[in-house]
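Following this line, the structures themselves.
What follows is a pair of complexes built around subunit A, which joins subunit B in one and subunit C in the other.
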Partner chain A sequence: MRNQSKLSKIISIEGVVILAAFVLMVIFFSLNADSFLIPDSIRYYINEAVPIFIIIVGLTFVIIAGGIDLSIGSVLGLSAGTSLMVSMWGWPFWVAVIVGVFTGLAFGLFNAVIITIFKVNDFIVTLGTLYIAAGALTVITDKIQLIGTKDTNFQRISDMSFLGLTSSIWFALVIVVIFELILLKSPFGRRVFATGIGEVPALISGINTQRTKFGAYLISGGLAGFGGVLLASHLNSVQSGLAGGYELTAIAGAVLGGVSLAGGRGSVWRAIVGALFLTTLNQGLLLMGVNPLIFQIVTGLCILVGVVVDRGVYKFALTFSTQTREVNSQILDRKKVSL
Partner chain B sequence: MKLNIAASNSSKSLRNRILQDPSFGIVALLAVAILAMTVLEPSFATGGNVTNIINAMMTVSFLAIGMTVVLIAGGLDLSVGSTMAVTAGVAGNFLSYGMPMGVAFLWALAIGMGIGLINGLIITKLGIPDFIATLATLGIGQGVILLWTQGVPILGYMNDAYYYIGGLKKIAGPISIPMIVVVVISVGMAIILKRTKFGLELYAVGSSPISARNAGVNVDAIKISAYAISGLLAAIAGIHIAGRTTTVPPLIGKGYEISAIAAAVIGGASLLGGKGRVIGALLGALTLTLTRNIINLIGIESSWQAIVTGSVLIGAVLANRASSEFGRKTFRRGKS
Partner chain C sequence: MQDNAFAEVSSLKAGSQILKMSHISKRYQGVQALDKVELDVRSGEIHALLGGNGAGKSTLLKILSGLTNPDEGTIFFHGQRVAIESPRSAQELGISMIHQELSIIPDLSVLENIFLGQERLITQRKSWSPWVNRREMAEKVRSVATEFGITEEELWRPAGEFGALKKRSIEIVKALVVRPKILILDEPTSGLEEHEKELLFGHMRSLQRLGVALIWVTHHLDEVFGLADTATIMRDGKSVAQTSIEGINLNDLISLMFGSQAAALIEQPKIDRTAGKAGSKERFKTLEVVGFKREGVLKDISFDLWDGEILGIAGLAGAGRTELMRALMGIDKLDSGSINVFGKIGKIGHPEKAYELGIAMVPEDRKVLGILSEFSIEKSISISKLVNVLKKGFLSAKKEKDLASEFISKFSIKTPNSREKIRNLSGGNQQKVIISRCLNTNPRILIFDEPTQGIDIASKVEVHKLIRELAAAGKSVIVIASELNELIRLSDRIIILREGSIVGELESVPERIQINGYEVVEQDILYKSSRVKV
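Up next, the complex of A and B:
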């Protein structure tokens, strides 16, 4: 009985299940795919997935605040385009970075204004800006071929090596840590949770929910802009349609990591584990020589199973913590935060 | 004095009814666009161009009607595009093996409806959010047709009858079979939504699932039926598009879910559920198609198309919003 309750306690810690699934998958692939555990190959595919890790951070803020941002993928692509364009015109690398980040911020601001001030549904607004950003990139690439800057400084933004990892990966790590701290420790982060749990109670307790959402969309846009800069610097060429569909991978990753689309529940590191799960799955299947046409099916099934398991565990954790109130103050605390 | 008030009220009420109509904003926008185009662009109001527009809006119309039903019930179906692709593939492939047309179409319809049922069951019985469940079935459907065709378009299934069904050959003047089917489905669906118990329950479930359940409505069954209807209409769109394009590339349905959602929402359906009309879905489909047509006619480079579409989507929703606020304000003033 005592053992059972200990097991329950461990399962109830949020994120443990997806982490366990991730570890199991890594073990499975390292046994079945020869080159899976080679450091270079790991570094390579993690490096490729950095833009997704960066947009998922902003997306997590938006989803926890009870919103959704579908525009991040194509905003990332457009920011990659604008920053590379500026760099190709001969501007120094820091101007290109600023232009890329501000492209993202501009779209974040636009989303935020229409959603929070004009009160239009977030799904529709960000769907519209998805089109607008993707279209803007098409218009740019129709006029100018974005096939590479000569500025080595711009290229080095993403491809410097430090302690065996590329600067892209370091940027992603720093962003994850900083924004996780903001989300979990700062007053703004608490307001994000409160807004997502329920706008009315949050309003009653004196939180400006619209301003909180405004901030979340700005963060999402700004990070998409920065992700675009990194991608442009890494690829050093931008075509129309770049990063289209990233938003779906990011949303799927976040949901797999237990970020609730209903708002008010989740954390950055869990969303990252979810995204890592999806990218590792693709990489492993690729190395096993599975027909790439199956990937979409496997990813779809994974999302379904992941969400069902996550919901089951969450319900289990709730009943457990209400039944044995005295044993686990930790879960009760977590419940207070994430309910 | 009393009579006076009554009279002013009744005249107000007609004005209010027009102003408060959920589609007033978008109709006004369309009217302005059509008027401007008729004056400025001589090739716009020609018979040929009008039939072009109507033919081009058929596929999205089917999907948008299905999407509207799902949105009314408080759901969201991202899988319609890939369901359309799968059923188009089924129709084309079965026909190319010499199956009788009716049987092949029945298979396509059954598979479309089956995908819808699966969506509904996953969402209601497993409790997965609509967005995620249908996103997963979108991926699975697209993966299935890619794997099945190995990326090669399906072709060689066209026969004389299919040219009529696809609308490539007209039955009388500019009238084609798809047009008749759209009209029949629209009228039938509008009657179901407005005049039947099922329609009432759909709106009830979308407005407030808890109150609907308390009132004795089987919420799960209603939601599942909504998704089944959406799947069925996606299959009809699939059969139609296979005939219209005469080949089925595996990614034929890509992006259609977005057009369908956009059309339904432009037509006044709400992602919060409980709102939406068939006529709205058709107006939305018309708006999207007209936008594309106008872009082509006035010679804007086609690379601008996505920007204009996105702006029209946001603009139309803002216009609907503004008109309903305006209507509510005048209504209040009329009352006081």
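Up next, the complex of A and C:
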């Protein structure tokens, strides 16, 4: 009983389960896929996944505040388009960066206004802006072929190498650290949690919940914009439909990392571990020579199994902790809602 | 409390005993919700179930309708011992309930509403058939519907078109299609206009003639006379008396419900508040509320608040007490009205602003409105004023811990440590954490809405002591409490609300109690807040 309660204490630390699963997966792949642990291969697939890592940070803010942002994928695509376009027109790289980031911020602002001021359902609003951003990119790419800027500075934004890592990865790391700090250590971050736990009690305790949500959507949009800039710089080519579906990968990663869709629970690093889990899974399967046609099925199964196991482990942890049964059932009820 | 022996008064009207609930007890999380309650109901009688908030009426009715099971006690139905384990078994016995909140689905037709959830049961169609025959349904219900004022053609119209009275009628017909022997009506007149009430009472008499026993819960005592045959009065989870209505007057009912002796429960050593009061000439106004208006809820409310006083707001459910406080906090928008806090005149558009001006609120319904369930005690206390725990712009874990520890020891909050989640604490301790949260903002005005709702007696006394200490320290306190006893014992001054207006004010309440006695004060307030004409 003593050991069990010790074990339950460890696994009830949030994020431990997904981290353990991730480590197990890495061990599995390194034993079964020859080139899995080669540094270049790791660097490569991580570098490719940087846009996902960046939008998942903003998404984490939105979800913890009790909302959802479906537009981030196509906003990222559109921002990639606008920044590459400006660079192709011959503007200096920093103008292209600003245009890309502002494209994202504009969509974030639009989402924020419609959701918090006009009080329209967040799912519907961001579904709408998903289409608008994707459509805008289609219109742009129909007029202009977004292939290749001659500005090498623009290309170097993402592909400089520093201490063995690309600048993309460094940007992602810095963003993760800064925004994790904001989420966990700033008054704004604390209000994000409070708003997600319960909008009404948060309001009554004196929090401007609408302003808090507003900020979260703005962050989400701005980061999607910056992610777009990095992607455009990396690919140096943007087509219609770019980054479509990234939002779903990001949501899946966040949920796997234990960011509760009901709001009020999660953190940036855990969402990142979730995303890392998904991208590593993809890479591992690829290197093992699994037929790419079934990747999506495996990914889907992993998400479901991951979430169910996480819930089971949570339940186990609670059963052996000292809390009363009544509390347990309450928490499990919440858990159900959050899935 | 044994002095209130269960007293059966006078002989009851004709009709055989249909229901007997005996020695029913129920505990919720350490609180004795019901304590050996007795209820006797005869067929064809209107049986009023009376008692203040928290007296245990709703728990008793939950047991009767199978929503929860008693810990102890027996239920006899037609003299036979029965177990009501689920809503289904209650329905099979013939017990139906009409809830206070209307459960009509507006987009469905009246007929569909009536048969909602029991289509097959009524029409006896083959169980595999997925279709319901609406004609057949209409056929079955027509005569009953007409009796309660629903015409044939109205059956086919969407229920959302109709007003509160017709919706009530729909619910009654809905309850009748299962041919109940006992029908429970929970505050059936809520939301009805005066003349509609008369019609509803007519319907209740018709039900009585059909031989249905009615168990009727109401807060409007004046309605009971002339309609109910019998009343069971509950207080603090006990059935205090069962009496025939003919042999009793309003005053007796009131004292049975609220119990003058029960006052002793909250009696405690008075805190010396002369410090704040001695220089009563030097008192100053902390808050001036001017002309608060909100369509259908608040009708031109103005009052003042002084430093060091406890102002009680009395009134029945729906009188606008909570709505007034929500408006004051800036949670709900007003049509017109302004406030003056320490010379700052204006409107409060958002709770954030209220806190900035030095107003803080401990809300009612702690679980839903009060606690941020996932937060630790530390986070729960600091949240309303995070500036207090900042260090170089960031939240300091140490400062949060110190802040929490300070309040934990000050209010003796019982918890293993300050990182415990607030949802794991008992109700009384949760309330202390919320009070700490308010005090962290250093407010000049504190609003307590139902401060002792759902907490045990020991914590209740502690919370009362705390409120008195705050006032003694010069804070202005506003208290709302449905339990009149609590409100009267706590307040220096009481404002009485009825239907969104101030209908009375009692100055220097403690002195009045000393001079006139507690009962006089209580009845004064009750008369003014209910529709009883003096």
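Everything that follows uses one rule, which is that the second predicted complex is superposed on the first by the 313 of 339 C-alpha atoms of A that agree within 3 Å, B and C clash if a C-alpha of one lies under 4 Å from a C-alpha of the other, contacts with A are read in each partner's own complex, and residues count from 1 in each chain.
Throughout what follows, a contact is a pair of C-beta atoms (placed from the backbone, for glycine too) under 8 Å apart; a residue touches a chain by one contact, two chains touch by 3 or more.
Being a predicted model, the structure only gives us computed values, none of them experimental.
**Q** Examine A:Val255 and indicate which partner it touches, taking first as subunit B and second as subunit C; both and neither are also allowed.
**A** A:Val255: touches subunit B, not subunit C.
**Q** Of subunit B and subunit C, which one touches more of subunit A's residues?
**A** B
**Q** So, does A:Ile124 touch the first partner subunit B, the second partner subunit C, both, or neither?
**A** After superposing on A, A:Ile124 lies in contact with subunit B but is clear of subunit C.
**Q** Kindly classify A:Ile197 by the partners it touches after superposition: subunit B alone (first), subunit C alone (second), both, or neither?
**A** Touch partner of A:Ile197: subunit C, not subunit B.
**Q** Is A:Ile132 in contact with subunit B, with subunit C, with both, or with neither (first, second, both, neither)?
**A** Touch status of A:Ile132: first partner only.
**Q** So in the superposed three-chain picture, is A:Gly264 touching just subunit B, just subunit C, both, or none of them (first/second/both/neither)?
**A** In the superposition, A:Gly264 touches subunit C alone.
**Q** Of the partners subunit B and subunit C, which touch A:Ser205 in the superposed model: first, second, both, neither?
**A** second
**Q** Between subunit B (first) and subunit C (second), which, if any, makes contact with A:Arg43: first, second, both or neither?
**A** Neither subunit B nor subunit C is touched by A:Arg43.
**Q** Can A:Ser186 be said to touch subunit B (first), subunit C (second), both, or neither?
**A** A:Ser186 sits against subunit C, while subunit B stays out of touch.
**Q** Could you pull out which subunit B residues touch subunit A in their complex?
**A** 76, 122, 126-129, 131-133, 135-140, 142-144, 146-147, 150-151, 258, 261-262, 265, 270-272, 301, 303-311, 313-314, 317-318, 321
**Q** Residues of subunit A touching subunit B in their complex?
**A** Those in contact with subunit B are residues 68, 114, 118-121, 123-125, 127-132, 134-136, 138-139, 142, 240, 248, 251-252, 255, 261-262, 291, 293-301, 303-304, 307-308, 311.
**Q** Could you list, by residue number, the parts of subunit C that touch subunit A in their complex?
**A** Answer in residue numbers: 29, 329, 331, 350-352, 354-355, 360-361, 363, 368-375, 379, 382-387, 390, 393-395, 423-424, 437, 441.
**Q** Quick check on the complex: what are the subunit A residues that touch subunit C?
**A** 181, 184-187, 190-191, 193-194, 197-198, 200-208, 264-265, 323, 326-327, 330, 334
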